Amino acid sequence: MELSIEIFILATLAFGLMAYVIGRLHKQLGSIMTILGSLTIFGGIAYLGFTGGLTGETAYLTFTQFEISEFGLFFAIIVSFVFAMVSFFNPFFIKQYKYPALYSMLFMFSLAGAIGVFFSSNLLYLFFFFEFVVWTSLFLIPMGRSKKAASWYYGFSAAGSFMLLFAILMIYNANNGSFHISGIGSVTGTTQIIVFIFMSGAAFTKLGAFPLHIWLPKVLTNAPDPVSAVFSGGLEKLGAFVALLAIVNMGGIGFIIPSIDMYFGQMIIATLGALTIVFGTLMAIRQDDAKKLLAYSSMSNGGYILVGFSMLTSQGVAGGLYHIVAHAIASTAAFLAIAAVARVAGTTKMKELGGIIHKMPVTYMVYLIAIISMAGIPPMGGFISKWMIFQAVIDKGMIFIAIATVFGSIGSFLYVFRPLAALFLGQELPQFKKTVKEAPFFMLLPMIILSLLSVYTGVLPGVIIDFINKIFVDMQLNYNIVMNGFAIEGYTSGIEGVGPSLLNPLLIACVFGVGVFVAFLIFIVLKKSKKIDLMDTYTAGNFVYTEEHLHYSVDFYAPLERLYEKYIHIMKNFYKSLANKVREFGAFMKYFFFTNKPEITVFWIVALMVFLLWGDVL
Amino acid sequence: MESTKYTQPVALSKKQVDRKWWEIGDFFRRNSLWMLMYCTGCCAIELPPAMTSAYDMERLGMGPMATPRQADVLLVTGYLSLKTLRRLIYTYEQMSEPKYVVGFGSCTINGGIYHDSHAVINQLDQYIPVDSYVAGCMPNTEAVMNGFVDLIELIKNKKANGWKNYHTNNAWYKKNQIDALGEVRIKDEFHQ
Amino acid sequence: MIEILMNIGFGLGVATFGFVLQTAMGGINRKIAARLQKRRGPKWYQEFIDIFKLLSKRATSHGWIFDFGVIMALGGIIGTAMFMPITSSIVAFEGYDNFFIFVYLIAVGMLGMAMSASGSGNPLASIGVMRALTTMLAYEVPFMVVVMTIIKLTGTSSLTGIAVAQQTGDFNWFMIALPLGFIVAVMSLMGMLGKKPFETYIAPAEIASGPMVEYGGKQLGMLFIMHEITIFIEVSLFVHLFLGGAETIIMFLIKYFIVYAVLNLVSNVLGRFKIDQVVTFFFKWPLFFAVVQAMIAIHLGWVI
Amino acid sequence: MLQFAAIILLMLGLYGLLTQRNVIKIIISLNILEIGLNLFIISVGYFEGGLAPIFTSETPANPNFVDPLPQALVLTAIVIGVGTTALGLALARKIYQKYGTLNLDEMGEN
Amino acid sequence: MSAILLIAVPLLAAFISILVKKVSPYLLLLVSLFALVYPFFMDMSDVIIGGFDSPIGINLVVNKFALTSLIAVNGLFFLVVAVNIAQYKKLSSILLVALAGLNGLLLTGDLFNLFVFIEISGIAAYLITTTNKKPLQTFNYLVAGTVGSSLYLLGLIILYNMSGTLNMADMATFVEGNGMYTLFPFLLMFIGLGVEAKLLPFNSWVKGILGHSNNLSGAMIASVYATAIALVFGKLLAGVFQIEGTLALIIALVLGITILAGEAMAYASTKAREILLYSSIAQAGIVILLFTVGLGAWATFFAIANGVSKFILFGVVNRLTEEVGSDEMDQLKGSFVNNKLIGVSFTVAALSILGLPLFFGFVVKMNSLIGFFEPDFVSNLPGGNFIFPIIILVASVIEGVYFVKLLTKLWYKDSDVKVNFTPLFKYVVVVLAVALIVFGLFQGEVEELVASLINPGGVFIWN
């Protein structure tokens, strides 16, 4: 059956308004509306998307045109899925907010905006929805811990979206007055370079990549828990979408560097992406707050996506797209797990938490599967995307980018393990023995679904690879990922007689399963071991009775943190000093022009007259 | 001379099968005795010569291990003050079964030269089961190696079951420990 | 379907072969080290005895995560070993022995051990795990750069492919072809195996054997098995990458023994680094040489 | 000649506004400015030997009148000048009531 | 039914209201309502005054542009008056004079007549600001205003001396030819009007007036007067002025600095009213920029949208300051918690000024920016086509940051202060907020409205 995408956008807005109205009467019902809304939207888009039932014609929103493109559908499904999964958490967190009804409404509005961005073919109205997402999500942030985060967020997103607007207007000027999305490809010469710079600037801000990343940790830490999950899983993908348009759709920018046959523009993006990975990893390793750590991890994964896209080879771009899927699922699951812990334990600071696993085992398993995927370890999705990005980087022979990606993937293992060890494992602190209990079923449901999906994307990549191939065809890129049987054909070198390197995730999972089964057999056959309490540990003969003394969670990676302790505030201070410069300029102008003496105005009038006459008469 | 004719093996009972496994286990346990590096007194100085090239404890399969969980044999080398005894009992209970204890020097046998001191316990055997002793006040290295070989022999003949005794007559051991120390797991030792 | 089962059976055979080979090698090398110190040293099969003794002992467990971690660790490593090609012809899964699988599946083993060590509730174990991960971060980066050069040169990332490339004369052994890379790889291998200079994470003196603090009988035994198979994977990985793999098993065994013995001898003579030194050591000279080697090999094309 | 006088008066008024600190003096210099301006407006329409633009019995056939329009404009300009001066003086009284002084520097708050 | 009634009736009412004090507020309400409704059905012909045809006599130009600006200004005037009449009964005669002045401004086609109406509305403005009880600031405003209008007169007379005509259309044709000579008089006229239009070097009076504004003077100066002056100044800039050479450089500098400095000053201030006044300086700079560059049609609607938003913002902030006593942001925090309706409309107005989607501000800002990027667009200001959009975008980023800071302070902090708004004010503000949203949504209709202001060649019809 046929349905226009415009119906979905209007439906989301309608759900938002309904959620507001019902929310005013009864908080919980309002947030349940968000669940229903986002589920129906996700279901509709996914079902119609796959059966080709989505159409683009507009009956009500006549000022814009929509176009169902494969990559738009790809992003829309992911983002609406993330929204749907996170909305399950709304009813449990709604009590903490100052304006619960407004929260539910804005939650749905930002989903509507995101869908609008992905499908609109008119660039100006792509910007319309882009800005709409910015201000609707803006008012969600202050409902969390701090209010300052909102102004940081708006400062950077406004800078990003206005860069995008400037690029769009440059395209409008170059294509003499057409806003169509295909106009991006047909821009040439210096305007192409300007458009490329400004669009990737917008992508960098939205993704939270290196030079413009300051807002990401501030916002994701201080926003309410479900909102930070939505931000890192869903709204960051807007940045990836713009990055896809800017880096891949516009093709190579600038001259080609012969030794690594890459375009100069793409080379810069790749280096900045690599810097994002390294900076994100280094900062994440030393964080004590679990949410801030996950914020930096989504920043570093954004760097992976950028590196993947800027390779401009089938492996690289497919790796980037696959990483978007894997990262969206994994980081949403991780954020939701931390949210479940924060709801019960009250804080996400690792210093104050410990041994949550004994009371929340399912949340632990969800978090474990999420970090396996984030660290890029085989049975999960993250491994396949990182494998593809590695293949692409090696194929291009870019050494420093390879160093950064390797450092990033091993580093991600380090920092994702830190909450696992400090927050979940270790001694069970007494104050949490009574208060902490397993999350209710409706919170576990989305988390379990996300984990199963993470495993599914890791073991059977077939569906997503076909979708990516369809995207390549739809964007007229001559890339293709070959799948023979269950294996992905990786990097095919020019040397004859050497077959492509194969990766069969299903086989890896089976072999991993067989290995675990053998180990389990060894474990079962031998004598059953005696269960003893956690406190009964080897303490070199000393008698220790307080759990805090036996729980190692403060300054987890002390030797690493000591290395770069002095340099962590460079970027933040840079932006703070920028803001202060603007304030000083304002204060100076105020002091200079706005004294209460009438002669200031007269003085300036005389000065301007003299200035004009200087050339001609005097 | 039994007949060498092939006879149908009789089905062994569950207990016998376990016995068989335990014997095989004994073979491994006696050939790889890991000692806990826990030097309480002056006899510990005898251990390095036992490890180095002259006597080489390693050829018996013995090597130092860091924690009680991993170790099999606890070498009590020298006198035992009350404070050390508490640590010793706490560590002994943390070791994984089957575990063995070797008492070094006369101090563990009858208190040695400190037999009349108030701070030292005289007979180690009353507090934790000891499997083999090595006599001498600072026993010679041959004596130490001999002690180890005796322990291996004991395991071979299934006599080294001190750890079983600890379980069976635990009450007796506990009573002795309480008499000597007041209580083993003290709460706040340093601020008494 | 049967063919897959056959392969898996073959893989298990490879894994056990690896375990047996490495345990024997371990025993022999302990004997060589002892002989160097003019003492008789343990029986060559001492490692087997140690492991089986541990498996026969009655252990203590700190909860389900403590056991599940050990099982996952051993399972992950057995899974990795099943992919390992012994010689360029004897390999369980034809064509699927991709280099990245080994690097990342070892990470699964590391994760399993780390999880159960942290789950044991002992702070020494957590510190040990932290040190293990930071050391891994350190030695992995230069090694990957060198391997990247190899993959870029040979054009394939499958181990048998690289071995065949060295055997059939396209390149001579990368040990010779990429001298700097070889030195860096040796250093990284010592880090991987946890040999003496980089043994900070299982330092018996400082942190009471690090992650293995709380492990008793069968858990410790299983971890020892895992440790042996990990060494087998890493050394045979090194052999395939740098020493041109092997046509016959005997060649493989000889090369394997030489590499492991040399490493053992080197490590017996060295003291132990402090953790700060380990973290920064690999980012100084090894990374510099690895990058220089990569530049020379890829961009300038000078391969001996 | 008249135009130069007007411009000098204008400059004088501007100078007064720039330098004076006393409210009344500012109002006076404002007036000087306006007078200068009005004179300038008049001088625009004047030329040597021009007749006053009034039709009387003995005005010649095609009389070269002085341009009447600026003179009309000046009327309104003067009236407006008066209006603003009146308001300025009323404010000056209010300022004196509030601050007790007419000197801008002594009034303190900016 | 000619347009002259729009000036005559308020003046008449002003004199009557002086005679009969009691009835003056109701008279004021009646006349301002008349002024709002009348333009809808007055005939569209130009009005000749005093029988002399256009080049000689004074005429009132009535076209689409004049009509839109009249409706907008009178509408805002009526709202301001309706909301504040109860509090400021005794000012009704002055307000009537102001109304007459403003209508005269928008209608007149003669330059000297424009000077007269500037002075009339100016004096009315000085009198309105006396309600702030700050005589020194009003005095500054008076001095600046008078100097400005005298310079405007000086420039006008020099032009008259050259061209011989005072009529705008006639002047425009004269100036076409010899633009080189008219630089100095145009500068003088630019300065004259610049003082009123709050451009940077000349607006030192704004801080005193709007900084201590009350309900009436804040709304009146910031929204009604600002819109009227912007539209008139725009009409002159678009039609009469010929901008090139050093004059173009000066105007470019003045406008650029006004926009950026306005936003920076707003970012640097902590008082709510100060933020809004500096933001309105920046907005005025943008409107004048759009007029000078020739995008007159969208500039008109930009001014109107800004006027409406400023009405809401200043109205709400002044009411809060009146209740709380000081307009420091920290004192005002959390004041929307217990009056949500006012809060929502304040937020809508603020977001509309920022140019965020769904609001009228977005439609206006986007189309003005698009104007800059039209393929055949040539900007007569130095610095090429793209320097000014960049300035506008950078300015709106800074603007966004301080508005968000203000909004989060007002919404998300909890405070005990209980402020109650009069139901009429609440009703007016909500209606305006809804208008902003409605105009924002129905872009099609807005585009038709704008199309009526442009002749087929795309040139803005100003007379």
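The first chain written gets the first letter, and so on, giving A, B, C, D and E; residue counts start at 1 in each chain.
The criterion applied here is as follows: a residue touches a chain if its C-beta (ideal position, glycine included) is under 8 Å from a C-beta of that chain, and two chains touch if they have at least 3 such contacts.
The structure displayed is predicted, hence computed values, not measured ones.
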Target chain C, source chain A, minimum contact steps: 1
Chain labels contacting chain A and also chain E: D
Centroid comparison with chain B (C-alpha atoms), farthest chain: D
Pair of chains ranked first by number of touching C-beta pairs: A-C
Chain of greatest Cα-centre distance to chain C: D
Separation of mean Cα positions, chain D and chain C [Å, integer]: 98
Centroid spacing, where centroids are CA-atom means, of chain B and chain D in whole angstrom: 118
Centroid spacing, where centroids are CA-atom means, of chain A and chain B in whole angstrom: 59
Whole-Å gap between the CA centroids of chain B and chain E: 97
Shared-contact residues (touching 2 or more other chains) in chain E: 136, 139, 143, 147
Shared interface positions of chain A, touching two or more other chains: 538, 595-598, 602
Multi-partner residues of chain B (at least 2 other chains): 67, 69
Chains that touch, pairwise: A-B, A-C, A-D, A-E, B-C, D-E
Chain C partner contacts - residues on chain A that touch it in the complex: 259, 355, 357-358, 361, 364, 368, 372, 375-379, 383, 387, 390-391, 394-395, 397, 399-400, 402-403, 406-407, 410-411, 413-414, 417, 420-421, 425-427, 487, 490-491, 493-495, 498-504, 507-508, 510-520, 522-523, 526-527, 529-532, 534-535, 537-540, 549-553, 556-560, 562-563
Parts of chain E lying in touch with chain A, wherever the complex brings them together: 136-137, 139-140, 143-144, 147-148, 151, 183-184, 187-188, 191, 195, 200-208, 246-247, 250, 254, 261, 263-269, 278, 337, 351, 354, 356-358, 362, 366, 369-370, 372-375, 385-386, 389-390, 393-394, 396-398, 400-402, 404-405, 408-409, 411-414, 443-444
Interfacial residue positions of chain C with respect to chain A in the complex: 4, 8, 11-12, 15, 55-56, 58-65, 67, 70-80, 82-83, 93, 95-96, 98, 100-101, 104-105, 107-108, 110-111, 114-115, 118-124, 126-127, 129-131, 133-134, 136-137, 140-141, 144-145, 148, 151-152, 154-158, 161, 165, 170, 208, 213-214, 216-219, 221-222, 225, 275-276, 279-280, 287, 291, 294-295, 298-299
Chain B-facing residues of chain A, complex: 536, 538, 541, 543, 545
List of chain A residues in touch with chain D within their complex: 595-599, 602-603, 606
